[in-house]
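A quick write-up on the structure given underneath.
In order of appearance the chains are A, B, C, D, E, F, G and H, and numbering begins at 1 in each one.
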Amino acid sequence: MTAPVAVLMGSDSDLPVVQGCLDKLRELEVEVDYFVLSAHRTPDLTHRFAKSAHEKGYRILIAAAGGAAHLAGVLAAVSPLPVIGIPILGEQLAGLDSLLSTVQMPAGIPVATVGVGKSGAVNAAILAVRILALGDPALAERFEAFRRGLQEKVIAKNEKLGTSLDVQSL
Amino acid sequence: MTAPVAVLMGSDSDLPVVQGCLDKLRELEVEVDYFVLSAHRTPDLTHRFAKSAHEKGYRILIAAAGGAAHLAGVLAAVSPLPVIGIPILGEQLAGLDSLLSTVQMPAGIPVATVGVGKSGAVNAAILAVRILALGDPALAERFEAFRRGLQEKVIAKNEKLGTSLDVQSL
Amino acid sequence: MTAPVAVLMGSDSDLPVVQGCLDKLRELEVEVDYFVLSAHRTPDLTHRFAKSAHEKGYRILIAAAGGAAHLAGVLAAVSPLPVIGIPILGEQLAGLDSLLSTVQMPAGIPVATVGVGKSGAVNAAILAVRILALGDPALAERFEAFRRGLQEKVIAKNEKLGTSLDVQSL
Amino acid sequence: MTAPVAVLMGSDSDLPVVQGCLDKLRELEVEVDYFVLSAHRTPDLTHRFAKSAHEKGYRILIAAAGGAAHLAGVLAAVSPLPVIGIPILGEQLAGLDSLLSTVQMPAGIPVATVGVGKSGAVNAAILAVRILALGDPALAERFEAFRRGLQEKVIAKNEKLGTSLDVQSL
Amino acid sequence: MTAPVAVLMGSDSDLPVVQGCLDKLRELEVEVDYFVLSAHRTPDLTHRFAKSAHEKGYRILIAAAGGAAHLAGVLAAVSPLPVIGIPILGEQLAGLDSLLSTVQMPAGIPVATVGVGKSGAVNAAILAVRILALGDPALAERFEAFRRGLQEKVIAKNEKLGTSLDVQSL
Amino acid sequence: MTAPVAVLMGSDSDLPVVQGCLDKLRELEVEVDYFVLSAHRTPDLTHRFAKSAHEKGYRILIAAAGGAAHLAGVLAAVSPLPVIGIPILGEQLAGLDSLLSTVQMPAGIPVATVGVGKSGAVNAAILAVRILALGDPALAERFEAFRRGLQEKVIAKNEKLGTSLDVQSL
Amino acid sequence: MTAPVAVLMGSDSDLPVVQGCLDKLRELEVEVDYFVLSAHRTPDLTHRFAKSAHEKGYRILIAAAGGAAHLAGVLAAVSPLPVIGIPILGEQLAGLDSLLSTVQMPAGIPVATVGVGKSGAVNAAILAVRILALGDPALAERFEAFRRGLQEKVIAKNEKLGTSLDVQSL
Amino acid sequence: MTAPVAVLMGSDSDLPVVQGCLDKLRELEVEVDYFVLSAHRTPDLTHRFAKSAHEKGYRILIAAAGGAAHLAGVLAAVSPLPVIGIPILGEQLAGLDSLLSTVQMPAGIPVATVGVGKSGAVNAAILAVRILALGDPALAERFEAFRRGLQEKVIAKNEKLGTSLDVQSL
């Protein structure tokens, strides 16, 4: 059976950032396939992948790319699936190039864009989980536990730092 | 029965832009409720809305806001549903403020951000449709027709302009 | 008795920057509580904190956050107290995201924004002192001494560097 | 008796924006003096104003300026009072010049910066009110009523637009 | 016979800008075909066009698009021909989105990017002419005359304005 | 005798902005020649102008240009005279392109850059006056009167608006 | 015989970036001359080089420069050849200065601009190859092999990383 | 006798950048005084310095500052001398804050702005030299030698790198 999520990255140099996406999906027990495919260096393969992705059984596509980041846009243009875009930070322009190239899609072809870089990669996973959880009660429960954990971790950090937080008295 | 999509806007002055989102959802026969609710001027109402939205039956939340655009972020922080953010263009800073305030969310709390302004508003609707279509084959068919229509409109425009396009020969 | 100032940071990773704020307040003998609380990961706790802060006796709230920095905005939306926002520099976008997310608040809900990063953190403390000194003559005097010290340090640096500065002859 | 708030603008062309600040202060029954004074065209007058402002009885200074907006910074450098800065939008650079010139103050000399343009001007008034209300219970009550009004206006707009908002059911 | 230059635009709303490109090519007697084809709304047609363009006899491809402007990038990824990109100005982000989406291509797949908007459209034509003139002496001569004309027009404007320009004395 | 100041503009469309520079120079009785000369469309003429400008008797060169604004840089590279650059606002990029192209000169070849647009054009004139006044006591006196006038105009505006300004009491 | 391509850089400190351009040209067996010549520090030499470049036999000029990057613009103004510009990243402004100074040329004088930094340098070489290949079938074949290699390298990386890519099944 | 040039820096941390300005002035045998004086931390001293600078005999003032860089603007507002501003790069906002705060002065009060950082510091010195050389033929000759040296250094670098530059044949 095909994994519900496919993660594409434009270059293997994006993997250190994308890894956070893969890890978070697996942590929430969502299977994921991943690929290095470039809108520009492998346009045919990318086109064919996008064309058949929903028939293969994928339900959500995630694409990470930097610079003139077209990968998510290509997927969204060819596939009917929801496409999530992760802008990757390059050495120049402070990430503005990849962010704007990913998010500013023309009317009709949306890319669900998350933030630039590592936080964005994690958030792409969480966004996929929120979407899949609409039709998967078990995943919805695991996600709810993850959400409670976010709060618990913050409370634990206050304890570790010895801040003035007293949850009871709030 | 609750509509599957709720659209929130931070101010009624956002309605001319948001209208494109409402229209596109209805064109694709997706019911939608809409609200003026502000992360800043009605924080309690917004918080209560977000808290109960998934229990009321909403499946996707769309939020449009400008400037320090926090509305989508508040919804994503409180509700487990997928949240789509539409950055609204203001009189200054060329839309960069609303775009960055919407998209640059911390790890764990994604907002699926679309482009600034009118194209973004339409794309929020389409993105919601792509997500809902994962579990709704009839909607998936209507969406497929919409996608074919995008191409047909482009072909028609070539004919109207008398360009050199000859689809057969491509 | 409650401290007059509460400092919130969105993540414990903000502490190295926020420390400059805490230190400056203590240097001027202003008591301060501090907390790790996130607009996005602990929305309920943050909401409850903001709701009761003025009843607990806090007089000024300071919030430090990065990226789509909503923390100060949430406090300002829920609490009637003056709220000061410190934008935290992230790895991308050169601090523009946190600055714009903090400062561009809608009419009715101001955040008193200071500069990005370490200078901003110190300035949040000084701004709180200026406000508190309006009703606290002893603090006003300590602040006046601090202000004289700023000038004296500059004069001392000229001496150390052996510049041409001759204060008498100015 | 001196008004508690003085509003300075760098040019009379800033008055249409600054008017929103003056109106909001008067709406909340806070007396206000206003002046056209420029950091650059009247440096002596501005310096002398700043030097004596707190002795004259002013408690908060608000400064509006565009471009290389130094007016708030000059006041903050010379006066011990809290200084609020309103960046004014010019014909170029989308307001980024006035925003950065106002907010990026060096450690030790804060300017409480609000958003660019008309919303910022209103927010400067509200921020002043929040600060003054710390020592003025009657003003605190008027401000509380204003805050309730923000929510009521939003509810009224929902009714006017015929949205799905049902406050009871939230 | 196929025209040597094909101009593609992402939307018929780009035509008022692109017209300057078409006019300049025709003024210099370079035949040109033009098309409305979108990287996102007609990905298959665009892909097929790009794939066969050099076999059809085109020698230079020019693409105009706004926002997340991928059209030039798609052509450059699929076709071996030189591709020139014209970034189109939208309502937001001051043209930065289309410029960065066009120019920041990954290593291996260049787009020869010209300036944003109308000047860029004219320059795309001139750049095509410079390239074609490498192998077409008659075109090189027409281009040389055009270049002389640029200087003559400037001299004529000085005369019309009555400036101090005296070409002889330089 | 040659005028001491030469003003060059890259295009006659810059004249409405540059006029403010010409007018201010004449108001202060500084003679000025002006020219339409382009770094790009008339490189030879510009080069020859720059080469002989100091021998002709010009003492200060002022250059106004937009976009990739190279005109001031060319003058500074070829002529030993002080060169002042006025960045002209275009339709896109909010003036950032002309500002950065003018000011970011490599070490060794400075352009004295003033602000973007109309204020910058006036300031180019004033900067030239400040420089010329170093060696011209009569001009220094006229400039001093102009400076006093700046303050007097501000005072007059306060009177006209009926502000609280009382110059005596400062 | 003259090489078909000349690469100019504004400073020898640009060589580490420019090297990628030289290497890629040589890898594709295109001869190349290179020079350190500055629009600002050697304006005469640069002007003379540009004036005679096409007579010497060069067919394409490539220029790399940072900051107020005028080098490519000077070449395009003086020479009739196609000019490719590589914006070099400096320590400040994230490369925006060199990008805008290179690309925003006035109508009539195009610079074919590639991306900022190392990717841009490689792409300048590839763009030159695409242009030269129009009249050189042997080069066109070598370029075609290079293009196939781009795809093969991506496939190899998938194998090395053990991704889910199965080219057959696409 | 007073030096003709005074260099002010807002903080002693600016000295490593400003040193390049001091060194270049001395290399060209222009005497220079330097000072650490802040528009914000020592407003009185700065004001008094500016007021008497031209009477003391200074002819040109150079000011270096970062962030909301007001130092040059204060000098230009108070002193009639030509004022040169060096924007200093900070840890955030890529230097845009100091550049815009320095250059975007209101009509009437110019600051001759040079580029951000080290190149700008050197250029401030050269700009001062160009101005002083208008009335100092010996300095004009030393400057001419410096300008020739710029070209000679470039030629020497070509030799060292073994490039194709043949100055004779140009």
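Note that in this section a residue touches a chain if its C-beta (ideal position, glycine included) is under 8 Å from a C-beta of that chain, and two chains touch if they have at least 3 such contacts.
Worth saying up front: this structure is predicted, and the values here are computed from it rather than measured.
**Student:** Which chain pair shares more contacting C-beta pairs: A-C, or D-H?
**Tutor:** Pair with more contacting C-beta pairs, A-C versus D-H: D-H.
**Student:** State, to the nearest whole Å, the distance from the C-alpha centre of chain G to the C-alpha centre of chain H.
**Tutor:** Centre-to-centre distance between chain G and chain H: 34 Å.
**Student:** Please report how many Å separate the Cα centroid of chain E from that of chain H, as a whole number.
**Tutor:** Computed from C-alpha means, the inter-chain centre distance equals 41 Å.
**Student:** Roughly how far is chain A from chain E, centre to centre by C-alpha average, rounded to an integer in Å?
**Tutor:** 36
**Student:** Please output the residue numbers of chain F that touch at least 2 other chains, ranges allowed.
**Tutor:** 38, 41, 44, 67-68, 93-94, 96, 99, 103-106, 108-109, 111, 115-116, 118-119, 150
**Student:** Dump the list of chain pairs that touch, please.
**Tutor:** After working through each pair, the chains in contact turn out to be A-B, A-C, A-E, A-G, B-C, B-D, B-E, C-D, C-H, D-F, D-H, E-F, E-G, F-G, F-H, G-H.
**Student:** State the interface residues of chain H toward chain D in the complex, per the touch definition above.
**Tutor:** Touch list, chain H to chain D: 10-11, 38-41, 43-44, 47, 66-68, 70, 73-74, 76-78, 90, 93, 96-98, 100-106, 108-109, 111.
**Student:** Mind listing the chain A positions that touch chain B in their complex?
**Tutor:** 20, 59, 80-84, 99, 103-116, 118-119, 122-124, 126-127, 130-131, 133-135, 140, 143-144, 147, 150
**Student:** Provide the residue numbers of chain F that touch chain E in the complex, in ascending order.
**Tutor:** Counting only chain F, the residues touching chain E are 3, 6, 12, 15, 33-38, 41-42, 44-45, 48-49, 52, 67-68, 91-94, 96.
**Student:** Residue numbers of chain C touching chain H in their complex, please.
**Tutor:** 89, 94-96, 99, 115-119, 150-151, 153-155, 157-158, 160-161, 163-165, 167, 170
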